[in-house]
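Two complexes are shown next, each including chain A; its partner changes from chain B in the first to chain C in the second.
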Partner chain A sequence: MVNFALTVFGVDWVFLKPYIVLGLALGGVYALSGVGVVVLYQATGVLNLAFGAIGAAGALIAYYFVNHTSLPHWFAYLACIVFGAVVNVAYGMVFGPAFAGRDPLVKMMGTLALALILLGVMAWRAPAGGAFVRVLQLPTSNDRYAVFGAVVTLTQIIALVFAFVLTIGTTAFLRLTKIGTAMRALASDREITATLGVPVRRVELAAWLGSGLVCGGAGLLLADLFTSLDYTALTFLVISSLAAALIGRLRSLWVTLAGGLAVGFFQAVATPYASITNYRTAAPFVLAIVALLYLGRHRTVTLSRTAG
Partner chain B sequence: MLKNDLLPASVARGVIGRSAAVVAFLVLALVVFPATLGGDWIKTLTSVAIYAVVAAGLVTLYGRVGMISLGQIALLAIGTWTATRLSYATSLPFPVLLLVTGAITCVVGVLIGLPALRLSGLYLALITLMAAGAVNVVLTTINFPNGGKGFVGHTATPSLEGLKPVTRPGMAVGDTAYYRYTVVVCAIMFLLIAVHFATKPGRAWASIRESEPAALAAGVNIIRYKLWAFALASFTTGVAGGLFAAQLGQPTAFGFPTQDSLTLLAAALIGGIYSLWGAVIAGAFSQLAPFIFQAQWGVDPNFLLIIFGVGLMQVLLTAPRGIVVQMPKDILSLARLGANLFWRVTGRRGTG
Partner chain C sequence: MRSMKIKLGVGCVVGAVLVLAALATSAGAANPVGSGKASATKAVCGMGTGKAATGKPIKLGGIDMLIPGVDFTTVGKFADAYFKCVNANGGINGRPIKYTLYDEALNPTQEASLAKKLVESDKVVGIVGNTSFAECGTNWKYYKSKGFVVIGAGVQAECYSTPSFAEVNMGPRYSNIGAAQRLVKLGAKSLVVASPDTISAYADGGVAKVAQAAGIPSHIFPIKLPITDANSTILQLVQAAGDGGGVVLDFTPDSAPALMQAAISQGLVDKVLWGSSTPIANEFMAKQFPQFDGKMHINQEVGGIGDGTPDEVLYAQITKKYAPSIALQAFGQFGYLIGQMATKALLSVQGPITAKSYNNAVRALKNAKTSMLCKPFYVGSVAYHIPNNVDINVTYKAGAVVGETGCIPIQPVDPQLTQTRAWEKKFNLNTAK
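Let's turn to the complex of A and B:
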């Protein structure tokens, strides 16, 4: 490969190419989680802090099936995704109606309760100990490709493609299908939607189901991309994953996708610079803060409780 | 007329009752506990007092003003860092060190709060969570001071002299003495907050919590009082951080993970977010309960997480005022139930 420098804004972009590729792969995961969070928030008003915990628990189940049973691997991966859907739908069925009229903050704390319970169960049933490290590697991680001087695995490519497919698919679903239209109506006003004869609870359960499937899928991908299956880290990865959703203001799927990619991009591009490399994990937080402040600049006092 | 005559007496009775409860609690904390409990208990109780003050910050922000902050542990970390740095750089007397630490943390808290005023509800909660995440990354990178040079004060090769722990006040070097010192300082912080609640800022905060437009129309300076609440909560949390620095001796960034801000809020909600007693319960819940589970009973502390989650869910759904209100109510109804059963059983025996 010919070595030359393409310097724009005082930055050598050729040198950064591999980092950009890795950043986009990482950004795909942030975007994926972000889109899953936004869809559920829009339809039900619940900001799911248990997103990471459910994914981690699903991945742990998949790990168990892969390593301690002779069942086919695809079954284990399917179990992870189904687990995400089942837990999400069960939570939505039992606690959804009870929290329906409450403040978004209370709804969020409800999912924190679920996250704590899941984390407790995981730590009790599968204690993490000393040198023992669980690794859940998807078969797609063995396929490696060299892209612009960076080695990426098929899993990373899947994560990125999945993020795009999910955004396009969800946007189309919300625009074109009847249930999607009902979800958008729910997002603007639950009571009025109910008065119009929309089966509100069934539509909400559909949102929980969709978000649960994404949850399980993201858990599976994250457990692989994270090198080790550290459920505590995965559970609270939701904090940095929220950044993408916040950049999209918990509203726009496309801005969430772009936000997730931007977070991954900045995090990876900061890697080769010694002065900022240790601060790169702050990228999601800083970007989210900047975005929130920028979007909140016109705030006025309103009577509405939902106004941000 | 009758009402006017009755009101002051009932208010006075309430004040006397509450003061008696506070005095009894302080006697318990300052005299009974140190006399009866061992070393590990005392160390844990010191942490309980410190975390109770942090939870009291949440009571102020959420219970009074209706603003939620998910970055209180990050503020505690900033307070601890500041006190550690000051302890290495200066030889300030400990109370002055605490005040300076409180003041610096207060400035940081207000600086975080200032732009956050543009946001409310969920977005305010999340921006403070993001700020906490960023603070944690910075602290993990620059590390806590250990006698190095410069602003950061961290060195990879600390000298033996540099590794000396944060200096405790001369009158409270031992663990028990330092525990008493901490309880007294924390009680003063609670008093400071209680005085705020009872006076003009408390009323302004309550009006903001009920309705911002109404408060605005009534002439309450919303910006000023919101910042005031941030300043008060940050100051007390900063002082708690200073106490924590000397309690730990050599603090590290690992002691302040971002998720602790979330779990502390959960503890404050369980304890009772509308009451300062709830903050005390929250401190006990987050620090004492793990100690009792693990060190005393040998139970896997992860069960505590499950209990924590179930308790949080229950508080959110059925008892929004938390243990501090619910528990006496439940005990009373249980007693009534027991008494009814007793009379029914004995009554039947009597007639039969």
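Let's turn to the complex of A and C:
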């Protein structure tokens, strides 16, 4: 009897396929975070580096309510999402107008400050080590299914489905609603949009609110999928989401979705390959660089020389 | 008449309060934590006088690493708690110990400058409580040049191969060997070991030697911290171990939970035999992961928490009084042992306590008994120190950490262990009954 063993670059397919499932599940959360980042950037010009920190802080609040109060768990999960929205909207209200006229780099550095402040508060109120193991497991993680030799939880499926639903919903929202049209107009030109009578501040706040809700939701899902509430690691997971957003060139929601899935996929699939397994955390950077080089291949650079 | 009754009532209440206060004071004064006379059944803090030390402070200091994914400051914080207990019990012949703890971020420049600051600016007489992935390698030459011997809890190779350190623990390499020994004994058909990448080259090599001696395959996985894809990582380890294989995890409670939770989520708990080095031998881990009850075989470098021996009892009392925010755990036990041994050295100094006299006293330590270790602690004037090389195995059971084995010598797969045991016999370092 002949035993047909399919190998992919030297790794048995049987060993490889669970990583595909795990990678897509993780990629789903990167994708939905990336979509949240792109929507905000489109409407306000702010690349939100605090996305991960806000989600991590929200997850810590949820952890507190779940483990140290008798409040129902749904309240804790809702608190995480609401926290994301409140912090985002508060930042948008206070700093949005002040940074409106500044260039994107300055706007981005403002959110970096927010990330560092939140990181400091988390380190102060919930120091690492000592007496606690912080694990925030959603009840949906108790439902498990065997897919291609990997065990996937309902949370992972929700993350993946949520990423698609969010992309479809946001695309429809931007195209079909009045406020969505206003957001797209803002993305094109803030000054002209304001001149046309669009309530710019209100539209921007709507974008901050939407992005904040996604931020809180992603924090909740990531805290579960990450399997440990390590707020430092969760804060810096924004890098993978940013890579997805950059792959979408901060414009296309669908390419961002694909980018997020690709980051999760390659990061996980690289695991069983001994020669590259130690470098798999570089997947977001490598993919972002490759995508930017590929997408920018038709750009022409004009050089001029001034006669002396 | 009415005012008379009121006065009488107030008098009774005041009297009752005074009596209660006096009773409380006398009860507290009768048994302050760590007081009394040391015996085979009772451990005390230092002199055990029950009276606070008030003299000129004796300065000690330490350096602990704190990075995302690993917090070693618990070791130094608990050494400080032990010194507080010593200070409340007469200190060192009436002088309190003042302990300064610095944290470092796995930065060699910072490690070197902090060592210099402690010795030359803070003018400590001794350095104790150090734990880091890299500090031993950075500072051992400096400590040697200054005549210092650090009593700490080691991690990297230089902590166990240079004369500058006398660690109360055996470190990840020997603890991993202990865990691997246990898994081989339980019938593991292969061995897989995973450690943080910064220490893997040293920490994991011993497991490969245990596997070689047992005639089974082994795989080493250096893992980058913080762990960002625990599901893939744990699947990789289990796949490498294969059916009937053993996986040894070598992570602190900052990183191990992600992997253990991923193993639960992936349904991998029963696929392999699980082993671990000491750091996760904690009640809070046992409570968090009942799925690993009887299935996580942990090499425990120090005694079993709550085993009722004198030093474990005192350790729990000090935790309650001086370090209530630190859960009962191995890192706390390390801090206790460090404080205990440094105090023994300080109390043995004849004449003025200086850096020279204290460090000479440290070198002179031998047959220092403690119920937390299988054999007495020692330092001695030898080329390197591995005084803790016999320990126990524990596992989780119903939210507690319970013993699995008695004291077992770590398999001497390294020539350094064979040499150490030869020195122990030759110089009578830990052979006293």
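To be clear about the criterion, the second predicted complex is superposed on the first by the 277 of 308 C-alpha atoms of A that agree within 3 Å, B and C clash if a C-alpha of one lies under 4 Å from a C-alpha of the other, contacts with A are read in each partner's own complex, and residues count from 1 in each chain.
Methods note: contacts are C-beta pairs under 8 Å (C-beta built on N, C-alpha and C of every residue); 3 or more make two chains touch, one makes a residue touch a chain.
Since the model is a prediction, treat every value here as computed from it, not as a measurement.
Asker: Which partner does A:281 contact after superposing on A: first (chain B), second (chain C), both, neither?
Answerer: A:281 sits against chain B and chain C alike.
Asker: According to the stated criteria, A:297 is in contact with first (chain B), second (chain C), both, or neither; which is it?
Answerer: In the superposed model, A:297 contacts chain B only, not chain C.
Asker: Which of the two partners, first being chain B and second being chain C, lies in contact with A:42: first, second, both, or neither?
Answerer: After superposing on A, A:42 lies clear of both chain B and chain C.
Asker: Is the number of chain A residues in contact higher for chain B or for chain C?
Answerer: On the superposition, B touches more of the residues of chain A.
Asker: Now for A:271: first (chain B), second (chain C), both, or neither, which partner does it touch?
Answerer: In the superposition, A:271 touches chain C alone.
Asker: Which of the two partners, first being chain B and second being chain C, lies in contact with A:141: first, second, both, or neither?
Answerer: second
Asker: Is A:105 touching anything from chain B or chain C once the two structures are fitted on A? First, second, both or neither.
Answerer: In the superposition, A:105 contacts chain B only.
Asker: Identify the partner contact of A:120: answer first if only chain B is touched, second if only chain C is, both if each is, neither if none is.
Answerer: So A:120 only meets chain B here.
Asker: For A:241, decide between first (touching chain B), second (touching chain C), both and neither.
Answerer: Once the two structures are laid over each other on A, A:241 reaches no partner at all.
Asker: What part of chain A is shared between its chain B contacts and its chain C contacts?
Answerer: In the superposed arrangement, which is not itself an observed complex, chain A uses residues 127, 278, 281 for both chain B and chain C.
Asker: Flag every residue of chain A that touches chain B in the complex, lowest number first.
Answerer: Residue positions touching the partner: 47, 49, 95, 98-99, 102-106, 108-110, 112-121, 123-124, 127, 235-236, 239-240, 242-243, 246, 250, 278-279, 281-282, 284-286, 288-289, 292-293, 296-297, 299, 301-303, 305-308.
Asker: Would you pull the chain A residues touching chain C in the complex into a rising list?
Answerer: 15, 18-19, 22-23, 25-26, 127-135, 137, 141, 144, 150-151, 153, 225-228, 230, 232-233, 237, 267-268, 271-272, 277-278, 280-281
Asker: Okay, in this complex, where on chain B does chain A touch?
Answerer: Listed in rising order, the residues of chain B that touch chain A are 68, 115, 118-123, 125-127, 129-131, 133-134, 137-138, 140-141, 211-213, 216, 222, 257-259, 262-263, 265-266, 269, 300, 302-310, 312-313, 316-317.
Asker: Under the touch definition given earlier, write down the residues of chain C that touch chain A in their complex.
Answerer: For chain C paired with chain A, touching residues are 68-69, 71, 73-74, 197, 222, 224, 226-233, 235-236, 239, 252-255, 257-259, 261-262, 265-267, 284-285, 288, 325-327, 329.
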